[in-house]
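In what follows, a single structure is set out as structure tokens and then discussed.
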Amino acid sequence: MIEIVLAILSTVGALSILFASIGILRMPDFYLRLSVTVKASTLGVGLLLICAAIMFPDVSVTTKAIAIIFFLIITAPIGAHMIGRAAYFTGTPLWKGTIIDELAGMYNEETHELESEESDTDDDDTPNIAKTDEETE
Amino acid sequence: MELLLVLILGLLYAAGVYLILRRSMVKLLLGIMLLGNGANILIFVLGKITKGSPPVIDGAYKVFQDIYADPIPQALILTAIVISFGLTSFAIVLLKRVYALVDSDDLDDLNTPEEEDI
Amino acid sequence: MKSAILQTATRYLLPILLLFSFFLLLRGHYYPGGGFVGGLVASIAFVLHSFANGTENTMKILRYKPLSLIPIGLATSAVSVTFPLLFGLPPMTGLWFEEPIPVIGMIGSALFFDIGVYLVVIGVVLTILFTIALND
Amino acid sequence: MLFTVLTGLITSSLLVPFGKFIKTKWSILLPFIPVILFLFYLWHVPVVANGTNIVQHLAWVPSLGINFDFRLDGLSLLFALLITGIGTGIFFYGRSYLKGHVYFDRFFAYLLLFMSAMLGVVLSNNILTLFIFWELTSISSFFLIGFNNDSKASRNSALMALSITGMGGFFLLAGLILTGNIAGTFVISELFAHHDQLIAHPLYPLIVGLICIGAFTKSAQFPFHFWLPGAMKAPTPVSAYLHSATMVKAGVYLLARFTPILGNTELWGITLMIVGGFTMIFAAVHSLFRTDLKGILAYSTVSALGILTFLLGVGTKDAIVAVSVFILVHALYKATLFMVTGIIDHETHTRDITKLKGLRKVMMPVFIASLLAALSSAGVPATFGFIGKDLIYEATLNFKENWAIWLTALAVLTNIGLVTAGFRAGIKPFAGKLPEEFRHVRLPYKSMWIPPMILAVLGILFGLFPGVVGAYFNHQTANAIAGGETDMHLQLWHGFNIVLTLSVATLAAGIALYFANNPTEEKLLALERFNVISSQHIFRRIGNGIEKVASWYTNTIHNGYLRSYHLKIILFAELLLGYKLWLGGPVRIDYANLTPLSWYEFGIAAILLGAMYLIVSTKSRLTAVVSTSVIGYCICLMFVFYSAPDLAMTQFTIDTLTTVLFVLVLYKLPPFINFTSRGVPIRDAIVALGFGVIISLIALRVLYEPNSTAISDFYGENAYLLAKGKNVVNVILVDFRGMDTMFETVVLSIAALGVYSLLKLRLKSSEKE
Amino acid sequence: MIDNHILAPIFVQLFTAIIQLMCWRKTLTQRYLSVGGSLIGLMVAFRLFNRVYEGGILTLNAANWDAPFGIVFVADLLSVTLVLLTSIACFAVSIFSSVGLSRQRMLYGYFPIFHFLIMGLHGAFLTGDIFNLYVYFEVIIISSFVLMTLGGRKAQLEGAVKYMAMNILASMFFLTGIGILYGITGSLNMADLSIRIQEVQNKALIGITSCFFIIGFGIKSAVFPLYYWLPSSYHTPPSAVAATFGGLLTKVGIYAMLRVFSLIFIPDDFTRILLMVIAVLTILTGAFGALIKTNIRRLFSYLIVCHIGFMIGGIAMFSKVALMGAVFYLIHDIMVKTNMFLIAGLIRQLRGTMDMNKLGGLYSEYPKISLIVAIVLFSLVGIPPLSGFWPKVFLFQEAFSQHQYFYIAALIIGSFVTLYVIAKMWSEVFWKNPPASEGMENLFAPMPPYKKILMVLPIGLMALATLYIGLNAEAIVKVTDIISTQLMDPSAYIDAVLGNKTD
Amino acid sequence: MIKNFLMNLLLSAIWVALTGSLYYTNFLFGFMIGFFILWIMNRNETDQRYFYRVPKIISFVFYFLWELFKANLQVAFDVITPKYFFKPGIVKYPMSARTDFEINLLTTMISLTPGTLIVDISDDKKTIYIHVMYLTDPETFVRQTQTGLERRLLAILR
Amino acid sequence: MITLEAYFDYVILPILSISVMLVFIRLFKGPAVVDRVVALDLIITIGIGIITVYSIRSNQEVFLDVAIILALIAFLGTVAFAYYIEKQKDD
């Protein structure tokens, strides 16, 4: 019984990871890659860790597994946010099929400050801000 | 498999050597780091290596019940890693300072003919 | 490079990482860990904090210059190394209290040595990184 | 005898603190040092003349066989007397000559040092001790030649003299040690017994070569002669003392000393004869063209030294007798002439014989001394020089039949030159009408003209009583050189024979030449056209050539490019390791003993390789850093697979920190530029791959070497029981090998301090050190 | 014999450095601590030397683990001699730098790092464990990096990049060698290795391993095809630092070679020929370089290379006499080279430059200082009976016995070039009238008298030590005799280290 | 509320001590028993927030997991099929969440759901910019998130 | 009957290994540095998975300690790179 549970959990976990890696390969732009990979991999690794927690009948192992999942859940979104923001800021192009970009022109170039409302300094044609890129795969 | 490790370490040495033959200071630094890694793996693989049996005595016991990996190379590599961290961090900063003074990453520019600059 | 998300997260991560670094330090004699890794993790905690809040703010938390940790750590290690000389034993000889203490286990000169290492590592890493960060 | 050597050394060093004191009237104390020493050696004359050798031994470095072994035999005594005797004269003379000079004290310090060293050379009974003093004479000579150190010519001459004699010195050292090695002793008196062994040794030619180079450089033999005329930049007392009477004769002394040890062979004889013979005629001719008094004397000295060398090469008993006498003859007249020259120079401020005239009118006593010396040098009958010349001719005439005529001709020609040179130096400045400009010239202090006068008079006295002189001074000298009994009966008058004929002819020809040919600037310039083939020129050319080669070599090999240094180091390593590897034969691989290959390992390895490729090929610096991180993390995983959790943790944290560091530093740097051409990367790649392959092959070979696990087993068994820890790696780090860790933390601390100072410390330009 | 005092020289330096770190930015305190610590270190070293000279080899098992399980420290006569010499140099440099160095440099940790460097040197000389030796090497190189860059002038940093790159490369070779050595023997204790290496079946592998050490130590000691870092960098740091480097750092490479070749890899014919070729080429390379340099410190740098060749030749001949020569030269060289760079520093203080073309007139202005300098310079040249002469006698002797004529030629050339360049330097720097040029500043004259004395004092002390070595060569010969006996027959060393088990 | 939670924890600890087996399952079981006991005891109290919140949290967890699962499937399908179905866009999202903790939790949740990703947060912490994979209409997305995820989350926290 | 061990060995671990290699292809290709950074982050995350499975397979819980460290601090690298990328744009 428990073996079947383990097999299912690990299979789902491994497949999530596989999808994440296929995703990062296939997705047409950076943001989509980022979006696809972070959660799938977190989910996949989380499931594998649950397997480990079940396999070792030890409190300490379960604690560790939970701790790892917890840390992943805290840190993965932060990492994704930081790099996504950096990418956007440095003008990493969006996929041509992107339908809307409400962030465009919201950054203050000098201070990196981000307004919640359109400020009067904004300029939609700021060359450094991400543009949809026809050449992206 | 040891052969794989041997292949890896050989290539680490090769890549390290290739990089220290470049003109860029950053590549020099990366080369040095790769060489260090190569040396570490060499020490590692030349000790007695085992899979899945770390040299940690099981909680309940006082001595090992099973085979365990040779701890000495591990201790040596640990020391070596930490030492190279010290060297590398100093080197990185040196690079930064040299770049600030010479305004170049090119090692060939490091030949000020000035004799009296102390 | 301020990010509100990173800043808030760091608020939880800093204590967690520090706690974890103590954990690694104390259990080093029994499980993977020890002064080095412990010190490295602790310094990473502060580095993270400095990324989120700026190095100046991290320095404020630390109060003292990380550089001053180096001699303290070195002295701790060096004293625990030379301490056995007082008993006519060679330097570095392990001296142990008779009874184990719960959680930590046996207390001995090795632990003090490791604490010294831990402090040195923190001092070193933070000195290096913060000097660079503040130098720009 | 030790005290005689040390006296000079000690007083010399006492002059450092008491320099000011000795500049006062107390300088009168100085000449008494050589006087006392001279009397000491004079007192030994009767004893030594009986054939007794006085030996003294004092241990110094017995383990090396280098001791203060002194031995006073005829040869040593003659030289010791010359050194102290002429030294006495020079000290008196020099005291007046340099009166009031700022560096009066230094001058005498050097001179005392030199005197001691020279005494050491001639008294040593140990060839290494001899060498020590030998080098000291070179050094003190260096300081004396460069005494007028604000003159560039003076400095260059000093450097030249030291270079030539110093180079010879090192050859000599090699030769002496080789001699000692073969004979098994460094003691001269013991070496005599090894004569046959030494000349039979296959390395005998090498010994002769090395020792001759040492002697020839010191005694200014062709082609090393040119330093001596250059050395005339020294103050005249120095020229008189070192560069005519004593130091330059050290080479002759050495050859004489080694004649019984290495001599009596064709190699020895021919070498000395050729070099000496060529030198004597060459220098004699040269002396004819000089207009500078000291130049004339210098070349005639070289010529005289050539004669001595030549005679030692001839090596017959006659020749040796001639040597023993001619040393004394030459010392007496040449020192006199030099001192006279010094007086002239001191009073008239010129040494140009085309300008000097009629000085007899203002300095008669000087003229008398000078005249006597010139006569002796010319070998006019009834002078000691006459006896010397006779003996030379006798030696050449009695040489092997076929050669005798040629050698004699050579000697005659040389002597004609010397006669002329002697007259030019000794008579010409005093002859003729006194020009207006020299009217004010006065006779110098007595202490300046009395010493040359004494020496000149001795030159006549000895000529009048040659038998006594021979018996007391020269007989044992000749015996010492010959290593056996010689026939020494000096006479003023031999009757009319071929030798006398030759002497008279020489004198006549010399006088004729003196009147026929006057040296002028033009002639000297004409002669200098031949400088291209002169040895000085050739040496200088060689020197410049060496300097060019050195410069080319140094700048080529040490070109300032780090990558080229690395390339050379790696190539050297590859050659060395590759050769050793090739010697070891093929590498076998035993698959049975390997741990199984698994998927995850394979995946990680593939990534590692990819990352390595990326790192070497990328043009983006950040990509390179990312790849480095990948490598680090993959290695971390490898450590996990192979049971090293501690390593994995450390590797991972450190890698992350390194990345952070890179990131903090690198953003300011420009992107990589592809500097090099296409060919260079391929070459480097081949070199790099070669290195990797070599390391891999070595690793494979070691992999199958069974190694003892005794120590790691000990750690495993005792980690908990004795060291109270279960993580063996950590126990090793903090206990078994805790010393490593202790100093590893020191490394880290220093790195941090370094980073701190590197970034914070900004020196002001005023802070030099 | 086990003795806790072996580690005293190391710990004196360690604690001096730590306490100085605690007195961060208090330069005056640091100066006192430095001189005091060096003095104590010197006394401790002298005591240790005496004990070993009289009582034989001492050992200490760190952490109380028997050899070969723990790290063992061994004080044989070679080690303690070098420790003593290092302590003397340390004392001199410490005094010199307390007055001769800019306060800015002291503010940023000059003294602690200097003492860490000395500690590393002591450790390297005293340890009996090959990996521990590696750690000390790293202590040495990292502190030398820091000292070399301290001040951060452009030339300094440029030199430091090259210095660092090649020294790290050397460490890499050394570390690789250690890995292989562990792979074939399973031990790191040098005495233990000495025994176990003989049990290794695959002799070719021993040869390969030894090559790593030759290259690693070869780079450290700056021998022919590996020396580039030295002339690229030694002219750049402050003189007090250059003195420590010039006198001591390359010598650690020589020491390490002596140690591993006497204990672990007894030189075979190939190694001897290789080392001899290296020696000859090193001498020539150094001589050539010295010939063309006009900056006195660059000139000294090449002379270091040249004279390293002398010692390597001694090791190459590997016999008792040859090693006596090499060790004697080592002793002489440490004293003289350290002092030479101090002298260079003094000259710089006096004239504000180190370029021979711009220098001059020191002899007439400072005759007594010049005299001291002359002693050192002529010792360097090997003018008998000064210190540089004696080892050459051994080297010549053994070279003739082994028919090493190329080496003899190289010895002659090397000695001659040394003589020539030093005489030239004397003529240019001391005799010549100073050329009139602006920017020439005398930093020495305005110093208060006590500072002047403190600056010349170390040079004088070292010169006295050099004179002692030269004039009382017999004492040194005795020491080198014992040392080379121990090196040629390491059984005493091995017994001292491993024999404790049976006690 | 906190008092209740601590009491509950104490009870579960006592349970673990009584049974003597230190396992998570055992602890969880003890917690459930404790919760039940406390609920029985406090039925008449006015402050019932604790007893409402715990089921809410549980239901939120399941809600979130379900959303996670759905979105994951969708993305996975998109990833492995050759054609792209997504219509990405960056949407400006005005938050109701105010405290740091609320914002943090919300952003984490949004980021962890496949298909959405926080690109940045405005400096006044009122607006977040979300990269959305399957975007039909920005207003719809904002409304759905506000009523779904954010409302449920704030219901627990406030 | 297939054992769970074999299932881990021959199904799960290969899947993970292939995944990690696929991710590396992205790292290799880029094109932007941010792509590489994300790929690196993913590699580490998958690495945590691999370590977890490996620790199950070798029955050694100590390896999970390594996984904890990875989980806790891997993102610092990503943060650092993000910092770098933004800063670099500044200059």
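Order as written gives the chain letters A, B, C, D, E, F and G; numbering starts at 1 within each chain.
We take it that a contact is a pair of C-beta atoms (placed from the backbone, for glycine too) under 8 Å apart; a residue touches a chain by one contact, two chains touch by 3 or more.
Quantities reported herein were computed from a predicted structural model and do not represent experimental measurements.
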Chains touching both chain A and chain D, listed by label: C, G
Pair of chains joined by more contacts [C-beta pairs], A-F or C-F: A-F
Relative to chain F, chain with the most remote C-alpha centre: D
Chain centre separation (chain B, chain F; CA means) in Å: 44
Centroid distance [mean C-alpha coordinates] between chain F and chain E, Å: 68
Chain centre separation (chain F, chain G; CA means) in Å: 26
Separation of chain D from chain E, taking each centre as the mean of its C-alpha atoms, in whole Å: 26
Where chain C touches two or more other chains, by residue: 1-3, 5-6, 9, 13, 16, 30-33, 36-37, 41, 44, 47, 67, 70, 74, 78, 92, 94, 124, 128, 132
Shared-contact residues (touching 2 or more other chains) in chain F: 107, 118, 120-121, 123
Shared interface positions of chain E, touching two or more other chains: 14, 21, 62-63, 131, 135, 138, 142, 145-146, 149, 151-153, 161-162, 165, 169, 176, 180, 182-183, 188, 238, 348
Chain-to-chain touches, reported pairwise for every pair that qualifies: A-C, A-F, A-G, B-C, B-D, B-E, B-G, C-D, C-E, C-F, C-G, D-E, D-G
Contact set on chain C toward chain B in their complex: 30-32, 36, 124, 128, 132
Residue ranges of chain E in contact with chain C within the complex: 2, 4, 7, 11, 14-15, 18-19, 21-22, 24, 60-64
Residue ranges of chain E touching chain D (in the complex, touch as defined): 14, 21, 62-63, 65, 68-71, 100-102, 104-105, 107-109, 112-113, 116, 119-120, 123, 127, 129, 131-132, 135-136, 138-139, 142-143, 145-146, 149-153, 161-162, 165-166, 169, 173, 176, 180, 182-188, 196, 200-202, 204-205, 207-208, 211-212, 214-215, 219, 225-226, 228-229, 231-232, 238-240, 274, 285, 287-289, 291-292, 302, 345, 348-349, 352, 363-364, 367-368, 371, 378, 383-385, 389-390, 392-394, 396-397, 400-401, 408, 411-412, 415-416, 419-420, 423-424, 427, 430-433, 443, 473-474, 477-478, 481
Chain C - residues contacting chain G, complex: 1, 6, 13, 16-17, 20, 31-33, 37, 41, 44, 47-48, 51
Chain G - residues contacting chain B, complex: 54, 57-60, 62-63
